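A short write-up of the structure that comes next.
The first chain written gets the first letter, and so on, giving A, B, C, D, E and F; residue counts start at 1 in each chain.
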Amino acid sequence: DRQLYSAQHDEILAGATTDIYFIRTMEILEHMNLAHTEVVAEIFARKPGMLAGVQEVFNILADKNVEIWSLKEGETFEPKETIIRIKGSYDEFGKFETVILGCLASSSAWATAARECKEACNGKQLLCFGARHVHPAVAPVMERAALVGGADNASCILGAKLFGKEPSGTVPHAAFLIAGDTVAVAKAYDESMPVSDPRIILIDTFKDEAEEAVRVAEFLGDKLYGIRLDTPSERGGVTPALVEEVKARLCKAGFPHVKIIVSGGLYPEKIRQLAQAGVDSFGVGSYISGAHPIDMTMDIKEVNGKPIAKRGRIPGIIDNPKLIKVK
Amino acid sequence: DRQLYSAQHDEILAGATTDIYFIRTMEILEHMNLAHTEVVAEIFARKPGMLAGVQEVFNILADKNVEIWSLKEGETFEPKETIIRIKGSYDEFGKFETVILGCLASSSAWATAARECKEACNGKQLLCFGARHVHPAVAPVMERAALVGGADNASCILGAKLFGKEPSGTVPHAAFLIAGDTVAVAKAYDESMPVSDPRIILIDTFKDEAEEAVRVAEFLGDKLYGIRLDTPSERGGVTPALVEEVKARLCKAGFPHVKIIVSGGLYPEKIRQLAQAGVDSFGVGSYISGAHPIDMTMDIKEVNGKPIAKRGRIPGIIDNPKLIKVK
Amino acid sequence: DRQLYSAQHDEILAGATTDIYFIRTMEILEHMNLAHTEVVAEIFARKPGMLAGVQEVFNILADKNVEIWSLKEGETFEPKETIIRIKGSYDEFGKFETVILGCLASSSAWATAARECKEACNGKQLLCFGARHVHPAVAPVMERAALVGGADNASCILGAKLFGKEPSGTVPHAAFLIAGDTVAVAKAYDESMPVSDPRIILIDTFKDEAEEAVRVAEFLGDKLYGIRLDTPSERGGVTPALVEEVKARLCKAGFPHVKIIVSGGLYPEKIRQLAQAGVDSFGVGSYISGAHPIDMTMDIKEVNGKPIAKRGRIPGIIDNPKLIKVK
Amino acid sequence: DRQLYSAQHDEILAGATTDIYFIRTMEILEHMNLAHTEVVAEIFARKPGMLAGVQEVFNILADKNVEIWSLKEGETFEPKETIIRIKGSYDEFGKFETVILGCLASSSAWATAARECKEACNGKQLLCFGARHVHPAVAPVMERAALVGGADNASCILGAKLFGKEPSGTVPHAAFLIAGDTVAVAKAYDESMPVSDPRIILIDTFKDEAEEAVRVAEFLGDKLYGIRLDTPSERGGVTPALVEEVKARLCKAGFPHVKIIVSGGLYPEKIRQLAQAGVDSFGVGSYISGAHPIDMTMDIKEVNGKPIAKRGRIPGIIDNPKLIKVK
Amino acid sequence: DRQLYSAQHDEILAGATTDIYFIRTMEILEHMNLAHTEVVAEIFARKPGMLAGVQEVFNILADKNVEIWSLKEGETFEPKETIIRIKGSYDEFGKFETVILGCLASSSAWATAARECKEACNGKQLLCFGARHVHPAVAPVMERAALVGGADNASCILGAKLFGKEPSGTVPHAAFLIAGDTVAVAKAYDESMPVSDPRIILIDTFKDEAEEAVRVAEFLGDKLYGIRLDTPSERGGVTPALVEEVKARLCKAGFPHVKIIVSGGLYPEKIRQLAQAGVDSFGVGSYISGAHPIDMTMDIKEVNGKPIAKRGRIPGIIDNPKLIKVK
Amino acid sequence: DRQLYSAQHDEILAGATTDIYFIRTMEILEHMNLAHTEVVAEIFARKPGMLAGVQEVFNILADKNVEIWSLKEGETFEPKETIIRIKGSYDEFGKFETVILGCLASSSAWATAARECKEACNGKQLLCFGARHVHPAVAPVMERAALVGGADNASCILGAKLFGKEPSGTVPHAAFLIAGDTVAVAKAYDESMPVSDPRIILIDTFKDEAEEAVRVAEFLGDKLYGIRLDTPSERGGVTPALVEEVKARLCKAGFPHVKIIVSGGLYPEKIRQLAQAGVDSFGVGSYISGAHPIDMTMDIKEVNGKPIAKRGRIPGIIDNPKLIKVK
């Protein structure tokens, strides 16, 4: 009995998630003896962005008899630019339109949002923390796309591994709330984690952020890599002034090298300001995970070698010198 | 070798998509001998909405020794209202925080957006066409959530079935482009589909919408159930004036009963206007599929029976008479 | 018995359209023995623009014993700049103030608006189609002023002739509606018009614009000079995307040289965008015909050689080196 | 040799101001033997307003063999409401489309603007002073339309007479500037005008308005009907405070019954405020004369009894119970 | 040698702070033998407000031979309403115009701002803390005016006494910074202040506000009257959420009766929100002290019994039934 | 018995205007034996501005055993920049915090506003006329601060003298209203004032400004230095057009050298426009007197040599190389 609503790989590859009307289409074309019509289809978007998810598209079409031209994973595209071109018999790939477009739409949006944040970081670190905002089935898709976009690491275990990285994150409030004291958790963390693991301690669970940061620094001394500020909106969120104050107090207490990691409600403009204030690392969740999909469209542009298009489009192939033939 | 980046059910249930820091948390708590601490956690959102995805949460926790109180699937919630409460040993469910929140966040957003559209329909039909805008792994999750929100049907095969419905959709442009003529496809559709299948023909692929609608009506006569208008933005999109003109011309041609289905760039305000102009059915994609997740938060509110909360929250349980004990 | 409310030339020259208070003024001045007072009057506007209508002013004063300095027809002026100066006995011209200012106000506005459109055309053709938006008595005044402003031609027969041009326009919807088919009319046009007359066919009366354009091109072949797009607002109006699609489809059908003429709701910004999209000719109506008059003021600035002005103005003549003595 | 660019009545009735393309239309239809096609045409606007100019339309069609249904002069209409319907052979009236629409467009705009001002007057008097802002040929058309809209009188001699009224106005600045003193002109005015003529003196040419008003009142005593305030924008224009002060000073000087007439830059909102401040009469020019034409459209809706329409419109007659058959 | 720039009482009463031009005026009028002209002068404002400072005006004119009518201290006035009327020989009071208007302008603004805040308090307490934002010479004037406006108390010693109240305030950050610990200061406060003095402790100098509030409550127990929240903008200021959290934590710790006093950047809208969140007392500084003066004007309205006014005003007395004769 | 509410110098220096809580602070610190704690306090603002009032601060602390570093009177500062630093035993100066900050807050705002106006004057003269908008006790403080900011002179007698200038102003409306005629007053002024006193006559009390200006110029001839325009808002205020017209009429009347002084509702943007129109002198009142205080904050930054700060600030001294040691 089904535990989760998400589709499994075999279901997807079998076409169970496709729009019913592509099934209808095949039945009608069969009826008209047109199922094997040779077509060229092109995929484009109406907004600019960074492309992600292409390997999934290639995998879906791996065993189909089609030719494919494509932009590269991580390449940027403009509105109406041809992103992928598929040539072959319509029945080879037609019913996968829904699936193919779906693989590109969200991933490209996530990669594009991560790119925006990474540029705002101005050289500082960007970590993706957004897995909790999307269905677990696509948490790894999202975090992998964020890494394509330029994030330095991701916290979702599977997502990081898909990109060939070790997942990265630090201890959340739950641990502190259960332990009842920040320094106690810092101690346990230091005792139980490998020495190579950077000690980053979340310090806004109980006490004033600067006070707790100094307490933890005094306890861990040089072993403290950084502290994480996650001040909630009820308390004003993390402001440049707060960052400057915490750094100043750590400095005055003799700990100038403690790094500052910030998370919570971050978006590019805020990242820019906090980077200037001295933050070293940004954990972004919602700005990436909630990025509106870059809706993709697949149009048939050639039928039996003849240029064609539906009303509103330009008939025939829209050339794009950046395309590389992948199949 | 992995074909798709999405997580399979077993991976999710095993915790592979969780944030790495919940694994850390467990290790640290074990080290402190606090892993079995009895806690109460509460889930809430910062925006109002309609809840969806709860059964997935129950399934994930099905074999865990916890008590669960929850709002019902499809119930509405206010900002900061307790949506789900979980009580038990932290190690029973703690590492599933990411997964649980993720199951609720997107589904609730999709259900809420569908609800908005359904209300705008003012009694007319709402179909969800958005599968192509999300990763195929969550296309069924999205369309099921849309059905929870009030959509009358969905086009994603698996999505519709998860709600106990037959998927619904009509022939897309591809069929017409390959066939080369709208009436030819209408003929094939009529010949090959079961008689009980309503004949709905997309009529804006080649010709002026009104002209094509009358051509198809003249061909199919009474067998024509409805025509679909999907005028692209390059041609002005579907306007109330266009709908009125098409209906008037069909009427004058002797076909007053042909239903009007509209798709393409629809959102609540536009749906309201078109419903007034006489549209019978709305196919909505992007407004639902692109709905920004309603980010959910899980807070620990009690530790060993003692009211507690991180800075910024109110300590202890936030009561909600609407909650029902489900486990 | 009077058929129309507009004033005939003899009525105007006789002063029947003047404000009654200028008649009063003369009676009072006569009573005070001041009717022959030598005055200098100056005309200016509060907004910048292009001057038109001066010859009418000169004609009205042709038989009056006055001296006149004036800017030239088609010359631009700034706010408060002296446009015309009249010197003479007040009774020679005083009662014509209303008429003189009226000749300049609308014509200058129409010329200025046409100039704006012509600049937006960026080298393409501008035709004035606005006669239907003003009283027939001034349709020729308006279209002549548009030609002064830079329009390449006008459709009002008398208006064009006043500027020494042949009127220009193409067949309107009425012909097509009566004939019932666009190609039929194209055929009749080609058969009945002189060969030197460019064949321009309106193609949005019945069918999809691109479809109809290709039909007409296929029928007339090389004899087709251009097609006119006049898509109504109910169907999205004429967009750059529509223009590009029509050109592309004509090109693909083997008719790359067919010119594109556009009309309907045009204004400078839209003209700029459509010129970039490849339009060759613009038919502008309402933007020119509806231009708000550039209200002109006539002030007496010298009385018997003494500098004078009413409150709010600077006494005496406001010099302007651009003025040329015309009488 | 032509003195003015405006068209004479015979030129208009002969069709010289029509768009050239209606001539083309007739030639083509003749060629196709369709000139005598029986059609029904309907006129409508896209904005709401008050109708004016219908008698000119009737006069133009007086000797044509057509049936006409029409709203009444001065009746209000909504967007897309049928204003006039003409039925007959196309060649009877087709080429007058430009002329007919032109007769209605500006006049309806002028009447509508005058109506707005009259309502803002809240029972006070409205005079139309706008003749100087339009070509003299249409000054009477404009002022007559303003009277239709509710103005109480107009200053253009011919315009007022066309509505059956005596023109109305008061002495302008020119008389005062030539005489050199306001009271001197008041004296001459009183000596030379019929006793029944209300003495209204413009008092802002030379001195402070209140000072001059009292001077004139002291001179004319009970014979003074009213004073006119026309303060230019360089001096702040006419404000409610100025009106109250002038009335108060006249009152204190023993002249409480002197009426206040205001002119210069008036528009509905300003009229409302000034009416509240005690103004008795408003002279409006530019707000009426510069009203943007209410562009009218004439569509063929029936050809040989068959409902028809160009793309974007509803085929067939759009019924309107307010229409009255006039021919 | 002068220590401060402010004027002493004797200097003010002697006229040293008056505008030099009133001295000139007296010299000129003496020269013209008009110094003893009997005049009536009226004072009004252009904005609405609450009147304060009248007693100072009466005191300044106490030994002058004039009659005075006035609104009462604390009474509200509308724009242009007569606030004070003075009748007498011009030389009796003329040179005090500057001083009289100055006494009313700021005080009325401060009283009006305090009134706004008090209404926003919705029954809660309002304390004025603004002395530090104005020159010490007028700190008592400002705080007295705030009390007139409805403040419940003020912190400036002299200001409170002028209204017959004991000044009110609580310990500022300086004491805590010097002592180094909040509870240590609370202890000293409790030991050294009279028992009747409510113990209100500022708790945001060092630690998290809620943490410190509970620490202090645990130390003082029932002796703690209230805590003061003054969170700086660098830390998000005082938000309704912070107030609710502090109250909840105090409640959970067994101290539900501790009152909440808030200060820092308060203004009416913020006061309304915080009052709803449970705040008991508001300390307002800048919103009251920085209120823009309600500029007052004194016009001569009668000279030797004759109604008169400068241009722009209405001649003669503007009656006001609310005026009471005070001298 | 007290005549005025303002504080006398001895009261201020004795601390009667301080906030009661600084008295409390001393009592508590005494109790804790911490009254003689050595501290360093720093003063800063949150907005940029020009500093004024420092000498009063120095005078207040003249007999206290403290060290003081300070910016100079008239020097500009940025937000958060250290303006003054005080080092010493807390009981030497602690209770004067309110007084010290108050001396700086308003004066700096007034100086800053005057600076803005002076820059807008673009080389023309700036006079401060604002004494009537503040309590007489601080009228000299305000006008002295305006002079620091760059005003060329002030009208408050004491204020001007505090800066070492003779006060400057011209005859107000009162004199003219009592005399009944502008020229009569000009005559008296000329007869009674020293020859070295520039004759500046206010000319908008009774008549049209230009008319009166010429009347006065014709009477005083070369002895007229300038005329003052103070047109009230009820009459449109002083506009650039009015200034140009008055200058032109004076010029035409043979008085091109008469200077133009303007007052009434002036602010920087208006000053800039009027300076361009030819005004020579600007009398500003409300823009300067009503400037919102630049609220100053005093923080303790060192206690017994140890860097310290309250939450929200950076611990320790904030260095500023512009500071000069004054004590």
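Keep in mind that, in the parts below, a residue touches a chain if its C-beta (ideal position, glycine included) is under 8 Å from a C-beta of that chain, and two chains touch if they have at least 3 such contacts.
Keep in mind it's a predicted model, so treat the numbers as computed, not measured.
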item	value
Same-site or different-site touching of subunit A by its copy subunit F, using the half cut	different
Furthest chain, CA centroid comparison against subunit C	E
Separation of subunit B from subunit E, taking each centre as the mean of its C-alpha atoms, in whole Å	58
Subunit B and subunit F, separation of their C-alpha mean positions in angstrom	65
Between subunit E and subunit F, centroid-to-centroid distance (C-alpha), Å	21
Set of subunit C residues in contact with two or more other chains	206-208, 231, 233-235, 241, 245, 309, 311-313
Touching chain combinations (by label order)	A-B, A-C, A-E, A-F, B-C, B-D, B-E, C-D, C-F, D-E, D-F, E-F
Subunit B-touching residues of subunit E, taken from the complex the two chains share	208, 210, 241, 244-245, 248-249, 252
Subunit A to subunit B touching residues, read off their complex	2-9, 11-13, 15-25, 27-32, 34, 37, 39, 41, 53, 56, 59-60, 62, 90, 94, 97-99, 101-103, 105-107, 129, 131-141, 144, 155-160, 162, 167-180, 184-185, 188-189, 191-193, 204-207, 231-235, 285-286, 289-290, 292-293, 295-296, 299-300, 303, 308-313
Residues on subunit C engaged by subunit F in the complex (per definition of touch)	307, 309, 311-316
Complex contact set, residues of subunit A against subunit E	206-208, 211, 231, 233-237, 239, 241-242, 245
